[in-house]
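Structures given as structure tokens follow.
Look for chain A in each of the two complexes below; its partner is chain B in the first and chain C in the second.
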Partner chain A sequence: MKHSFIDKYSKLNSTVHRLDPRIKLLMTFLGIIIIVSEPPGKILPFAFYGVAVLILMLLSRIPLGFIIKRFLILSPFILMAALFFPVSLWLTNDEQIVNLQHPAFKVALSIFLKAGLSVILLILLISTDKFHNLLLGLRKLKMPKLIGVIAALMYRYVFILSDEALKTKRARESRTPGKLKVNKMKVFSNQMAMIFLRSWERSKIIYHSMLSRGFNGEFPVMQKLAMNRIDVVFFVCFLTAFLAVRFLITPLT
Partner chain B sequence: MHIADGIIDARIAIAANAVAVAAIYVSGRKTTIEEIPKMGITGAALFVASLVHIPFAGTSVHPGLYGLVGIILGKRAFPVIFTVVLFQSMIFQHGGLLSVGINSINMGAGAFAAWLIWRQQALPEYLRAVFAGFIGIIIPVLLMATEFQLSGYGRGILYLFSIYILAAVVEGVVTLSVVKFFRRIKSDILT
Partner chain C sequence: MSVSIHINNLNYSYEQDKPVLKNISLDINPGEKFGIIGPMGSGKSTLLLHLNGILMVDGIVKIGDTVIEKKSLADIRRKVGLVFQNPDDQLFNPTVEEDIAFGPLNFGLNNEEVKARVSYALEAMNLSGFEKSLSHHLSMGERKRVALATVLALKPEVIALDEPFSSLDPPMMMQLINLINSFEATLVIVSQSLLPLIACCQRVALINKGKIIAVGPVKEIIKDDELMRSNGLDLSFYKKTFKEFF
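Here is the complex of A and B:
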């Protein structure tokens, strides 16, 4: 079976793809912290962040259409969360919000821009490296060991689960083809429980085979992560640009 | 239910990450190697469940399953939920990377409350299952409403989030149905 919903463009070869996964994770994490720490209601600084992110997008060679499409899928949720701000204030009756000139809408726009740029940084992160490399990067960045083990197993078990889900769905459809008319909730719950049980049994067999081959909770990897000068220069440039916007441009706006 | 980055105050999101790391150590202490596959597959199920949509009342909802995770994993639920939230954030951008801490605390608290209810052996099983599923959604929603209020959204956010009561009822029914199925087929999976 092919499962290509994870890290679709991770095999491209670009400057951003070649960066150490730890650098990419740190850049994304720190970049998001800087963006979300912008005071509410500031709009102009996001134009500068936007330019920096656009440069990253172009350097990564990921088709812009893909990033825009992915962003558009997520944007209604972000927009809704941003609009919660004026709507919630209106419902609270603390504020009389009657037109779009109200400062609450400016805050909502800044929330939308913060969340939107953070989402684009995350899309870039997952599209510019293989997922297991990012997991390795997280482990090297001292992620708790237990999380590392759960993550590594979970990543593999997702495929077991989707295989079992497909089989169960086919089996159900072969017996009751078409749209379900009765007991939708019960059929759905039983199907879900069945998929879980089958996958659990299969995952136990796999896990016991791993134990019998000496698995002790560690995932030894041959791959060595090595940071080079380009990684450091890239990281410093990215961070300096973001910090400059945050501490030099934002106070002026 | 996943809070994206930038939606709530940055200080709350950063502090929540520190709390989440502490919670991982507390809830994951003395995890045995035998517990790992159950945690892995439950995590995978939770991850996949967020992509499944059930047609409901003219729209569609996706199961949260936090109550069910609490019932299956008990106190080990938190590290699993943290990992799932991290995955969802990185792979599907559901919820932010900086918000992994706050999202996992919200959902982890739901699973923990569900586990506490599930352990009340004096109550009939069907009631415990429904209530665990229900509370597994309500607790995260209440926490989320508090976090939004602390970020300046006002009390009105509670009215907006009241829609989740409906989702919590659906979750209660799904949890009951799944628990009944497990009891019939494989009873030992329930903690």
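Here is the complex of A and C:
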């Protein structure tokens, strides 16, 4: 079975794709911190962040439709988080929040924009580099080794698990003419249990395979990363723009 | 002549009172291609796991002059490469290059040497250009070859292969047989596919219910209808079908 949905556009050759993964990781995480640190209720600064993110999107040459589609998948969660504040206010106070001009909605909008822009930055990060390069970047940025190992194994085996799930689904469907007539919950829970047992069995064999090639708790890597002047200039420009919005424009709004 | 693998009185059980291997004794010569055959659940794969200390030994297993014990495990794992039946169990790194480099890096080789080993293994398995490929994007045949490459990169003295011929189409199988015949290392092959074993191996051991029933030249053992039938490997159907079709 072929899978490519996670790293579909990682092979493009754009300015953003060519950046060192450490730079992309730092840009993303610092960008998110700056965006999230905006005081609640301020809306105008997000227009500036939005323009910066849009420039990044255009430079990355990743189709806008792809980014929007991914964003839409996550948008219900963002919307829920944003609406949580006015709804909780409405439930706990006697105050009737029917007017959209109410400050609570302004706060909700700023939460939506904060989360939305952060999600788009993350989508850009994982779409502009191969997953193993990002892992290597994280490792070079001193991420705990164990988390790196877990993430690498998860990325490798998520496809195998999805294959297992698909196989058990096909096995079920091939013996199910039309709708399931037996207890659905029982069937699905048996299916889940089977996938879990197979994964557990497989994890033992994989561990044997690792041991047989000298595994001693370390995941050594051969690849080296090289940062160049363009990486540094790009990083400085990006960070300066974000900091300028946060500390020069935000106080004026 | 000294032997490559010496097994003496090996016993093993996963559960108490249910022995999987019983008093296994076997000598395999350097450079020999040795097959292990037997019905399902006879203990073939369990025996293979003893060859590089994945399962600890009750008895004596020696690789060359090195006895398998806790303190010799690093040395043993450098000497014996184990290739699992399902390549997805063997390939756990994101890229082919990283997977092949995993063993050599663990054994402390420097980057230059590791790169050379990766190139050597890829070339030997006709996989040059696959360095940056993602394992989950490869076909089963390609993944099988990458799995073998991960072990070749260690340049082991002994290569133990568990069902290497399963899930391969005839051209891929032929390619693998040619590769196996070109290896200088000692090879131990566990397989249910007897035809490729005949094409590769000089000797085989027939195992049933954890015991070695017979050891001898591959053609002698497989041609002995009575021996094969009484140990769960009745080949009369295949012979009859072959006779009718070819």
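Going forward, the second predicted complex is superposed on the first by the 247 of 253 C-alpha atoms of A that agree within 3 Å, B and C clash if a C-alpha of one lies under 4 Å from a C-alpha of the other, contacts with A are read in each partner's own complex, and residues count from 1 in each chain.
Definition applied: a residue touches a chain if its C-beta (ideal position, glycine included) is under 8 Å from a C-beta of that chain, and two chains touch if they have at least 3 such contacts.
Just so you know, these numbers come straight off a predicted model, no measurement behind them.
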{"item": "First (chain B), second (chain C), both or neither touched by A:Leu153", "value": "both"}
{"item": "Partner chain(s) touched by A:Leu166 [first = chain B, second = chain C, both, neither]", "value": "neither"}
{"item": "Which of chain B and chain C A:Met222 touches, first, second, both or neither", "value": "second"}
{"item": "Which of chain B and chain C A:Leu211 touches, first, second, both or neither", "value": "both"}
{"item": "Partner chain(s) touched by A:Phe131 [first = chain B, second = chain C, both, neither]", "value": "both"}
{"item": "Which superposed partner A:Phe196 touches (first chain B, second chain C, both, neither)", "value": "first"}
{"item": "Which superposed partner A:Phe77 touches (first chain B, second chain C, both, neither)", "value": "first"}
{"item": "Chain A residues touched by each partner, larger count belonging to chain B or chain C", "value": "B"}
{"item": "Residues of chain A at both interfaces, chain B in one complex, chain C in the other", "value": "7, 131, 153, 155-157, 160, 206, 211, 216"}
{"item": "Partner chain B, residues of chain A touching it in the complex", "value": "5-7, 28-29, 32-33, 35-37, 40, 70, 74, 77-78, 81-82, 84-85, 87-95, 111, 113-115, 117-119, 122-123, 125-126, 131, 134, 144, 146-147, 149-151, 153-158, 160-162, 165, 184-186, 188-190, 192-197, 199-200, 203-204, 206-207, 211, 216-217"}
{"item": "Parts of chain A lying in touch with chain C, wherever the complex brings them together", "value": "2-4, 7, 130-132, 135, 152-153, 155-157, 159-160, 202, 205-206, 208-216, 218-223"}
{"item": "Parts of chain B lying in touch with chain A, wherever the complex brings them together", "value": "3-7, 10, 13-14, 21, 24-25, 28, 31, 33, 36-41, 43-45, 47-49, 52, 54-55, 63, 79-80, 82-84, 86-87, 89-91, 93, 96-98, 148, 152-157, 159-160, 170, 173-174, 177-178, 181-182, 185-186, 189"}
{"item": "Residues of chain C that touch chain A when the two form their complex", "value": "49, 52, 54, 74, 77-78, 80-82, 84, 86, 88-95, 97-98, 101-103, 105-107, 111, 114-115, 118, 134-137, 150-151, 154"}
